[in-house]
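The first chain written gets the first letter, and so on, giving A, B, C, D, E, F, G and H; residue counts start at 1 in each chain.
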Amino acid sequence: MERATLLRLLRDVARGRLKPDAALHRLRALPAEDLGFARVDHHRTVRCGFPEVIFCAGKTPAQIARIARAIHRAGTPLLATRADRAAFAAIRKVVRGARYHAVARCVTAAAGTDKRRRPAPPELALLSAGTSDIPVAEEARVTAEMLGCRVEAIYDVGVAGIHRLLGHTATLQKARAVIVVAGMEGALASVVGGLVDRPVIAVPTSVGYGASFGGIAPLLTMLNSCAAGVAVVNIDNGFGAGYLAAMMARP
Amino acid sequence: MERATLLRLLRDVARGRLKPDAALHRLRALPAEDLGFARVDHHRTVRCGFPEVIFCAGKTPAQIARIARAIHRAGTPLLATRADRAAFAAIRKVVRGARYHAVARCVTAAAGTDKRRRPAPPELALLSAGTSDIPVAEEARVTAEMLGCRVEAIYDVGVAGIHRLLGHTATLQKARAVIVVAGMEGALASVVGGLVDRPVIAVPTSVGYGASFGGIAPLLTMLNSCAAGVAVVNIDNGFGAGYLAAMMARP
Amino acid sequence: MERATLLRLLRDVARGRLKPDAALHRLRALPAEDLGFARVDHHRTVRCGFPEVIFCAGKTPAQIARIARAIHRAGTPLLATRADRAAFAAIRKVVRGARYHAVARCVTAAAGTDKRRRPAPPELALLSAGTSDIPVAEEARVTAEMLGCRVEAIYDVGVAGIHRLLGHTATLQKARAVIVVAGMEGALASVVGGLVDRPVIAVPTSVGYGASFGGIAPLLTMLNSCAAGVAVVNIDNGFGAGYLAAMMARP
Amino acid sequence: MERATLLRLLRDVARGRLKPDAALHRLRALPAEDLGFARVDHHRTVRCGFPEVIFCAGKTPAQIARIARAIHRAGTPLLATRADRAAFAAIRKVVRGARYHAVARCVTAAAGTDKRRRPAPPELALLSAGTSDIPVAEEARVTAEMLGCRVEAIYDVGVAGIHRLLGHTATLQKARAVIVVAGMEGALASVVGGLVDRPVIAVPTSVGYGASFGGIAPLLTMLNSCAAGVAVVNIDNGFGAGYLAAMMARP
Amino acid sequence: MERATLLRLLRDVARGRLKPDAALHRLRALPAEDLGFARVDHHRTVRCGFPEVIFCAGKTPAQIARIARAIHRAGTPLLATRADRAAFAAIRKVVRGARYHAVARCVTAAAGTDKRRRPAPPELALLSAGTSDIPVAEEARVTAEMLGCRVEAIYDVGVAGIHRLLGHTATLQKARAVIVVAGMEGALASVVGGLVDRPVIAVPTSVGYGASFGGIAPLLTMLNSCAAGVAVVNIDNGFGAGYLAAMMARP
Amino acid sequence: MERATLLRLLRDVARGRLKPDAALHRLRALPAEDLGFARVDHHRTVRCGFPEVIFCAGKTPAQIARIARAIHRAGTPLLATRADRAAFAAIRKVVRGARYHAVARCVTAAAGTDKRRRPAPPELALLSAGTSDIPVAEEARVTAEMLGCRVEAIYDVGVAGIHRLLGHTATLQKARAVIVVAGMEGALASVVGGLVDRPVIAVPTSVGYGASFGGIAPLLTMLNSCAAGVAVVNIDNGFGAGYLAAMMARP
Amino acid sequence: MERATLLRLLRDVARGRLKPDAALHRLRALPAEDLGFARVDHHRTVRCGFPEVIFCAGKTPAQIARIARAIHRAGTPLLATRADRAAFAAIRKVVRGARYHAVARCVTAAAGTDKRRRPAPPELALLSAGTSDIPVAEEARVTAEMLGCRVEAIYDVGVAGIHRLLGHTATLQKARAVIVVAGMEGALASVVGGLVDRPVIAVPTSVGYGASFGGIAPLLTMLNSCAAGVAVVNIDNGFGAGYLAAMMARP
Amino acid sequence: MERATLLRLLRDVARGRLKPDAALHRLRALPAEDLGFARVDHHRTVRCGFPEVIFCAGKTPAQIARIARAIHRAGTPLLATRADRAAFAAIRKVVRGARYHAVARCVTAAAGTDKRRRPAPPELALLSAGTSDIPVAEEARVTAEMLGCRVEAIYDVGVAGIHRLLGHTATLQKARAVIVVAGMEGALASVVGGLVDRPVIAVPTSVGYGASFGGIAPLLTMLNSCAAGVAVVNIDNGFGAGYLAAMMARP
């Protein structure tokens, strides 16, 4: 669309419908809907294949609702992460059909035009090392499902009981990408990386105590993985992992 | 048992009682009771000599209670660490005879079959440098006693008054292993390491302020101990120290 | 193959060709060629789609050569990273046709059976922010090409001259995945992430000085990227990025 | 004034109006109004071109009010940063016409003699990468306006949608200095630095999560900026950036 | 120029001299001379008021010389920092009149058209805390002088002998900006910030030992300066400070 | 006393009043009153010239009161630091005449025998850089006064207004030791170190924000002080500074 | 022995053979052979079950040789770690039969009286994750063998190929303690901890690059191990692990 | 002297011998001999009781010699630290009688007028934990002796053999201050702090490996010492400790 807009503008100039000066002005002001405190980037769907996501932390419910309405009106699907119930309440008033995922702390709303689902969605595997890592994993699941993937979730399969994991090797090996969510020492990603021939997206979590340092320990573990094929996203960034896995899984 | 199970399975295949395909399936799915959000690893008792411990931080009372019941039903002793009173209340409803250790923040319940105590339990010494380190030390004590050890606890013997410690040298020297719990600068472990000929398990605590950095200072002190024979566990990890000491002390 | 081997073994047991005890033994000892100081994992090609790679740092030329020969004899392609000229000299003696990539510090050798190239290799884009980042980028390029990809490299397009980058938007948008190699402040990954709808693999480099801290600065930048769809590998890990991109690009 | 005071004192000595001993005493005790817990440095306006600013964090409302009154009575403009509503309430009682800027968390009051505004105030551009960075940006805006600048604020133009920024290039290029406020990875400063020929003052914010580490990530990004002409102030230090920009913009 | 080029291009489209498609192509490919391993951004002089600077660390003498020649041929002044004698030797062969500044480790060459110096160059003050900080200070001096400033350098005036500094207050107060170069604890910047009413650019150096941690100590000191009006550049970044000061000093 | 006790014991052995075995036992068990959770080291007064101080953080009011009573009963002066009002309330019940210092968060009680004050107490100077550093400074003052010193406190004399400090040079120069309490960048200690010929005890405080990192910035500044004669204690450790200064000041 | 010496001394006092004053003097000066620059602690064998070990780093060959001779003459076995060939050459001249272990960088010499080996030495398992970790592992092996253990070494069994490890489960399970040496991400310790019911001593190594930070990554991984029963020693501290394992394995 | 100079100047003004303007100029330019690259602060002897010390690291032999000559000519004693043999050779040419202390890496030269030694020099105790800490300890010894102290050095008394230390308690208790030099975990300072009633100056050294992190481990240990009365100087800063101890010991 951006390319089309640009070409149309240049054609208007060529046809004398638009003055060079006016064209220059337009070229400089690419469309980004200005809400005063936030700019909704409607081109993003075109440019990156997915609309803007609302990262709710640090925004007021009123701000969140205004952004959500702007996105929803543009006819694109909506995803709001790190959303508490107050944020959901505010969104629900302006976006009909918005749904709250309590564990994942996400709000989603399908776009009107989003119904034509792809016949065979790509498959992802999603592992969590412990029970406490589940909220981050769920954020990844909600995100990836929003983006049209099917997600096979296997929780609480940390490396201290390696046999629990090995029993799921078949599931892992048929996935297009594997998301591994782990706190404490984060060793699960390395073990999984050695079992599969698909990309592994590792999400360190801030679950742990003492020398975990809020997730630094699993982050370093994952960055230093002796298994090739492991990429890392930010601590607790379930959204980023789900987004990235969906991007990878797209045919 | 795992070995036995495996051999039996192979014998069933050999005798034609089990198809290779079915055997393959079973081999992949080793027993781990699936509670949806957590997998209780009943093989662990066999494999590691002790059942799974519930690390309560980050779990809801309902989740804790469900895991506790699953462990208890399997006839193994129960230990839940970092348990607040709400967790205890939830456990007590499903595990008869569960007991709360307030300072140690632990819940314990003996297994039905756990009564035959070893005639002469191995002896451990447990030191804390200060009064504020006692909760972590108590977590170690409860854990080690659950695992059949006798624990001699000597608290508040930090190195600023080295004579307080030296008066207990005899007790230290007859223990099979010594646990040293210390915050602030954590120097106690090195001094003890130079006094005994048994393994010293050092537990740094987050007790302190300023440049203690939540336990980094004693952690580094202990890792750099000039005394040989000192091993370190995570900050505030009383459970880990008690578990390890009990493992070492086993004949 | 592993699955096949396992099934065959179980069938042998079913047919009485193999005793359960012997089968048990074999199940425990999966093939890994033992060179005394290193175990070459020939199953890895099957399990992960690529042979073991030799990470030469910390190994003697003699050790490297022995591992290289073992890999090469198994008929799989060879990749040795962080290889200096001494390592190459040692490999060349045992692997005919080995080739040295000086800037990338890699040695490669095609497998005998590797010739049937895929008709239309997947395409990757590879960016470096500065001239000094090129060696790491080249390690990524050599790796990805070994794995059957075509790589479009665009170097020295850091964000201080954003127009240099924007001129290449078309190339970026048709790639299946984009590798971004950047030191100093590492901002390139975020900008690229906002321009494309494909996964971005970010490689922080240790290029920089002062508060770059050997690559920590770009590492944190990339982990905290405000653009979704960015995953990070270890500092200077060109190999990891190339490997991962190839995995993603595979149809 | 300080120079004048000093010269006058020396002339008094030369004229015999002041004894050398008394002069010595005065030279040692330069004027700083002593409130017991704080010393208000009235010479500062002369020495540095601006009165003392009250940094409210860690001070009680009563302390803040006493300092504010002392500053106001001296006839200089007042600026109190990190002020909550309680601080404002206390100031309002002693400084007539004090005004609260809620988002910026600042209190301001013009001096009686401050009315003769400069005819053409210097112009600053002020960018924020995200919506959550706005409070820090507003602190910078309030400060710079207090110091006689005109501030053009452009918010939510982070690098993940680089086109939002490029549309404002003209505004940036006519400013005398540009303030860039950014959390997460802080890449905006480098991109802006490459677009303008004026000083860029970068303010990292603690907005972000995970490996942002309370602002360390954008701080390092900005310090390592590959664009020349970027200077950095402390994390969340909107005041410092506004002050510095005003200093630079003065003719 | 960029603006002019763009307008001319649009006028060519308006006049039918250029097809919209071709214009689109040109808009995307802004000029950046491609040397294969580096892109020289000739627009930078226009956009940022100064040509590209060669940061020599991590580049070969041959690469440096090629970039230097490209810059010099474009008729712009040349500055190469972190240049050793080998780099200078390579540059001298392709750029007549290049000059080596040994302490500052810089190479400079005036542009042919650079002769019309501004009649009254803006004045800067440049302080170093110790003797060992001088090389970094000299890098700042060479850079600022290249950019048309006059620099008053006062070295070895650290705060341990505060009177050495106070004797130079007059010089500080008449400068348009002050650069402070300091290692060890870096306290000089705060003291100077309290003495002047002009921007202070603080450069932490890696001079020091022990807990200086390669410049982290003075970096943190300067970022946390209690004096307003202090901005910080990267550790040892004399170039950045000189560049920024010159930008600020421009009328 | 310890020496005397030991000698007496040996004499008792020599005179046959004490059996060697019994003497051995006594030598091992030096007196330390055991309260179960804490050991009060009554020998400390003898060994170190001052009784044990109660560090209240992490202890319950009941524990604090029991320790306080044990110390007080032994006839030694009492000092409890980091004491909140609940701790004071508990102490007051068991120690008559205990006094609460609210800003310093300390409880003190003179010993019955402590009245004979030294005729001319040694003098200390105590500086704080800002108003927010006063609580830590007050902890130092209360401690040093408990130990018989006279303390001249000069608050809010940070280096951003160096003249405020210089006006007090005479006071500094007649003190036997100088305590400098400073947060933010902590530069005050270096400046003072260059003004006096007495030991400077520097106390970094956690006052500050952003890259102060809870006191790391002033801690590093002080450790790296370019002025000789500066020693550092832990962050916010006013007690330690007061104690040390009193030790130094003793004739 | 110390106890015996002490008792004998007291008896001498009781019998009038020794004056109390002289006894006091002796009690204070416990035997430690003074070499001027080092004190050899001959009591250590008695107190800790093993003689002093020479940590050669930072000592001159001459110093090392003098300490070695003092130890050897006392009739105790000798172990010198971090010994280069120069250190070995110096030791060989004064200790007949000293032997150099090149990979482990250790020198050993049996004591004359050390020959009566225990009939059935306790068994240890020793794992290394990679080939580059072998020198540290060998230091552990040499140390443990010096202390009378039998060591089963299994090298290059990192978690990226988990099956290589699983094939050795039987060996692991019959060892009295397991030493795990791992660099990079150090995940091996956690996996092993979940497989065995014996103490696991984890040794992080500085093998790795980038965000391994000289061993911090595996150190944190091991400290945060989700498997209970894992204790950690310092980075690269093979000696400490071997010593500790031998202590644990002693009956 | 400074005070006297100032008073004399003011009297000259009072008597009309000096014009106020000229006096103003002199007041601003306090004497500091300018060598171009360094300013020798001759007032320091007066102000701080000791001349400037040359910190040789980062200075050329020629620079060092010029500073040394300036100091020596002023008739004050000379101390140069971190001096290698080249520095010594350069000094020896300009300062007759200069002496090199090889282990301490210091050069000293007495002043002509320095001969009248105080009849009973104050006594210091100086401890090192290990043999490798001796160079830093020697730097402290040389410094303190230059400043007129008598130093009792006791080396290699680390806490792993606490009895070695306890044998020296008497020596410790009669010293006016104790310097403790320790690397690795640095626990010695805390133990000593609990034994004496005099100030303990702790010097962390960079001796150690692994998680010692170049001295951070002992630095944190010492800062967090549970013994009151311990102050810390920078890592390896033997000079600072010797200087400070001498200041404390002065009557």
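Definition applied: a contact is a pair of C-beta atoms (placed from the backbone, for glycine too) under 8 Å apart; a residue touches a chain by one contact, two chains touch by 3 or more.
A quick note: this is a predicted structure, and the numbers were derived from the prediction, not measured.
Undergrad: So what angle, to the nearest 5 degrees, turns subunit C so that its CA atoms land on those of subunit G?
TA: The two chains, subunit C and subunit G, differ by a rotation of 90 degrees.
Undergrad: In whole angstrom, how far does the Cα centroid of subunit A sit from the Cα centroid of subunit C?
TA: Chain centres of subunit A and subunit C, defined by C-alpha means, are spaced 25 Å apart.
Undergrad: Between subunit C and subunit D, what is the gap in Å from one C-alpha centre to the other?
TA: 49
Undergrad: Hey, how far is the Cα centre of subunit A from the one of subunit B, in Å?
TA: For subunit A versus subunit B, the centre distance works out to 38 Å.
Undergrad: Provide the list of subunit E residues touching at least two other chains, using ranges where the numbers run on.
TA: Each of 44, 161, 166, 194-195, 210-212, 216, 219, 223-225, 228, 234-235 in subunit E touches at least two other chains.
Undergrad: Hey, which chains are touching each other here?
TA: A-B, A-C, A-D, A-E, A-G, B-C, B-F, B-G, B-H, C-D, C-E, C-G, D-E, D-F, D-H, E-F, E-H, F-G, F-H, G-H
Undergrad: In the complex, go through subunit E and note every residue touching subunit F.
TA: Subunit E reaches subunit F through residues 129-130, 158-162, 166, 184-187, 190-191, 193-195, 208, 210-213, 216-218, 220-228.
Undergrad: Flag every residue of subunit H that touches subunit E in the complex, lowest number first.
TA: 28-30, 32, 36-39, 41, 43-44, 57-59, 63, 204, 206, 215-216, 219, 234-237
Undergrad: Touching subunit A in the complex: which residues of subunit D?
TA: Against subunit A, subunit D makes touches at 131-132, 134, 155-157, 161, 163-164, 166-170, 207, 209-212.
Undergrad: In the complex, go through subunit F and note every residue touching subunit H.
TA: Where subunit F meets subunit H, its residues are 44, 47-50, 53, 177, 194-199, 201, 219, 223-225, 228-235, 239-240, 243-244, 247-248.
Undergrad: Per the contact definition, I'd like the list of subunit C residues that touch subunit B in the complex.
TA: Against subunit B, the touching part of subunit C is residues 6-7, 10-11, 13-14, 16, 19-21, 23-24, 27.
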